[in-house]
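Shown below is the structure under consideration.
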């Protein structure tokens, strides 16, 4: 990229010869490139670095677990069947909570987008709710929904709800007004306009809100499982954390991270399918 | 809005009379309106509803505190000077942590946006880090940074860092390529293009990422103050939670919520100033 | 078929009576079908009772418990674990670093950091009482969870802590942490844990009495076997193998035996309640502003079920 | 069905946009509206179709719309206004879905054939060139058998060559169907090629400056340089002034 | 300074875009390039300015750029490419900031005056009409005293009236300065008004189909309907075919 700089400068100085010479190249660069292999390589390098550092002793054993031990923990977790015992309740909580929260969020967001009254009343409420840390509300959730699954679903749903509301009404607001005007000019009913123009037009925004909502839902798994969960990835991590069992802590964190990356890949896949009409 | 529907239908039926008659109106609606007063009104209504419900007994005292008691708690907090004693450490942690995280995030995001190598190596890393719940890492942070301020700054910085990276490189990617091509066509140096075209062009995206980053930083205050914080809004909320003192819990939550709304207002103000060039 | 109830429990030796009554069928004989609900900490147990998820539980008096009692949600009606001079009760521990800096007794802790889970926990109360007795000042550091306090103590990030003997013995044995005193010396007769339930359940005399009766039988078994050694070593072995799966589910009974025996503390016969100690705890919470000063003793405790001692 | 505009006046906030516009749009003719940027042409057209309420004055329909007309006043927009998530046939169908029709698909096939789009029925808008997109929009408008077509600069988002081709198409269409239209444009060449009547508006607030009747038949009209020059003479200075105005 | 294009050939992936283009761009003349959509006109222009490397063939500069020339090959883009966060003067300044110049502000004042923008020096792009924006882009191009101006449909984002006005401006500018330019357009009227030479490209892959020399002086040229008709005859069918192609 530095040669852009140099040729750029060269052009701006009058040349000392006047014979025909090629026009210097000064374009290129500034193009996002992707390379999946390099990403994997970086992971491998980091893991190798930590492994060697810990074995050689120039990384303290207190600060990080041996990657190979984390892997062994993971294998053991898998072989003992405990992996599923932890994963299934967590996935259930994630799916139920996030679905409830996302549906409610999309519904409320659409109402806000369509009705001035809902907007005036609810937007400040959602704005006030957004920065409230959900862990702070844990004791209340237990009273409201009990220590069973109810409070966990509710916590995750609440976490998914607020970003979905914000994303949805933003998306509805951003639907091309000429398309709506077109619908009106053809005498479409209000319901038709909402179903056929507003909602599909808001879909890209809703899906990108879903990405954030689901990431937050995964993050809240741990908070949700702080209360009264014996099984679950979050409970596993919390237990490992409170015992300073770094191997298990990392194994759990890796599981959540994989879950997050997988969720985001699923959303990307849905986007590609549902939004095939985009360029 | 339903009259759109009706007039729309009316137009599509041939009329029975043929004298001159006005073209029916079928536009309007689908315009976002804002009404600050309605928002305030809804707040007042909710607060009044809870207050009356609790006093009359049809809301259980276990589920919510009396709003007037929350207010009294707040006044007492203010008058006793404890408000500042809690607010100042939290604000310090918020400001220091979020600043570190945001600066690092913008820096790394810009590198990813500009250099293919950085992108290939770091994007998967950030994607893997994003869904990791920061509370899960709390024990690790305590080992790395102790239970003092270090681990709190680090936790908040990490929480701000990942969304800032994602927002920044997305914003850099979205900078209008014709502007960059224009810069190259005038022989601008690489540094000039980055400073004068790429970074200002990425500013809207960076600022909207900052909104999310700062909201997360506030949410993480509570997690950060779980370990070893005697003062701080998060510590105050946690203490109130463990004492099941709903008045103080809500007072703390309201403070965080106000902090969040205020932060978002500050970002909006900065956006209006810095992005005055947008329509 | 018995009446189904849920009992909150921690995986601690101090909850032995619940496990004994379950294993030996005392609950069933009292007409109760008990399902244990395990918690990681005492605090959420009180909230769970208030929420109606759990019927009875046994744990220390905390600020949260008192607040919920004030809201009419829970009530204390019996005592359990007590400090008693002569039996190794809760220990006061100090970190290796503090020891090296010359802290050899609680009196030397002036200005140092005392670990606790949360404000208003029993750790907070004990630290405050020790400080009061020694005339020293302590800085209280909330760390949310017992393991976090242990970690902070081992790495010297807090200087002192008080904890039940089975945990203390393990820590002291590791050599990183040292014992510098006993809580029993500062708080003789300290009512460490109490029995409580939701106000509605406590008002149901028949149910509560049935539960208490079963627990009282288990307490007698426990004290006789573990403290008075009425059945000798064999009895202790039996008891250990009964408790081990509850208290240390991931250890073998042999591994569990040591800490279970070391963790033995007297549990009040007949679930008698040390009213004076409870009153002192309430007074302290109120004087610290941790709970509302208007709470009366009667809001917290129903003394009609068990014998009051120490008053 | 004719349209009659009577004393239309409108303001947005403080800005007067239209000032006392009166017009006749006779059935079967194309009325072109030209005027400098921002003089209120689009606003006028929105009022003609009932999408906006004028502050003063009114728009009247005179006579009944023809038999089978589903949407008497139908727009063709500058930016096509196609739903990007529906294919060509789906976009045409949109205009018909709210009506109970026995032969919906037949109508769609018919209008696609008339706009030479039959083979693109399954294509998505993003696959189409600008000219094709506008032909889809015209097909959609034809599908509802409008009494009057309201066209807001329908060609100005297209490149010059495509514009040329579409103009030919529109002329061919008019010759076959004799539709009524109000055609807003900046382009005087278009106005003199397509208009039976050209309404020249002044700068904002738009007033009717002159109405030029063009008698020559649409087929085989040339560039009519004299008429263009006359129109340009009417507008040149105002266009320059409008161009040099700062927007807010 | 002349430009000489020799056997330029280019492919994007599988798509052949340009096929063996050879051209001369003599100093002091305006060479217009016309051709149907997607035939590679913009690609050709990018290669002329060194923004893209051709697969085969080359672009040569013949002779030295004039004294004081800061950027011999300077673009004017269709979408103006103004930095929205800089005011008019700031946008012009951008092109000069990487050069050490004693009289930077004087140059800016001068080019703004020449494009009649002096009073808008502090206005932001969003406040300007399209025509004014393009005048800013032209002012910026003039500021670096280019040897050759590369203009990619500079008027096609403007409405017809503004286009008319700017065309007059460009003609006036050329008469005073005799700049060299390659002017890509779809609009044959523009090509015959502005071009000394019109290069007609075929459909993709772009080949030189014909080069039409127009000898009439720029000032006072009419619509030259015969030349336009000739050009349109060359292109009509290809334009129609290009328009009906599905994009991917």
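Going in written order, the chains are labelled A, B, C, D and E, and every chain counts its residues from 1.
By definition in this document, a contact is a pair of C-beta atoms (placed from the backbone, for glycine too) under 8 Å apart; a residue touches a chain by one contact, two chains touch by 3 or more.
Remember, it's a predicted structure, so these values are computed and weren't measured experimentally.
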On a CA-centroid basis, which chain has its centre farthest from chain E's?
C
Geometric centre distance via CA averages, chain C-chain A, whole Å
42
In angstrom, rounded to a whole number, how far apart do the mean CA points of chain A and chain B lie?
15
Spell out, as numbers or ranges, the residues of chain C touching 2 or more other chains.
47, 50-51, 148, 151
Any chance you could list the residues of chain A touching two or more other chains?
8, 11-12, 26-27, 139, 143-144, 181, 184-185, 187-189, 238, 242, 244
In chain D, which residues are in touch with two or more of the other chains?
49, 51, 70-71, 73, 98, 126
What chain pairs are in touch here?
A-B, A-C, A-D, A-E, B-C, B-D, B-E, D-E
Contact residues on chain D for chain A in the complex?
49, 51, 70-71, 73-75, 77, 79, 81, 83-86, 94-95, 97-98, 124-126, 140, 144, 150
Which positions of chain B touch chain E when the two form their complex?
178-179, 181-189, 192, 196-197, 200-201, 203, 275-279
Any idea which chain A residues touch chain C in the complex?
139, 142-144, 146-148, 227-228, 230, 238-239, 242-244
Residue numbers on chain A that touch chain E, as the complex places them
7-8, 11-12, 14-15, 18-28
Name, in rising order, each residue of chain D that touches chain E in their complex.
36-37, 120, 123, 126-129, 131-132, 153, 156, 159-162, 164-165, 185-190, 222-223, 225, 232, 235-236, 239-240, 242-248
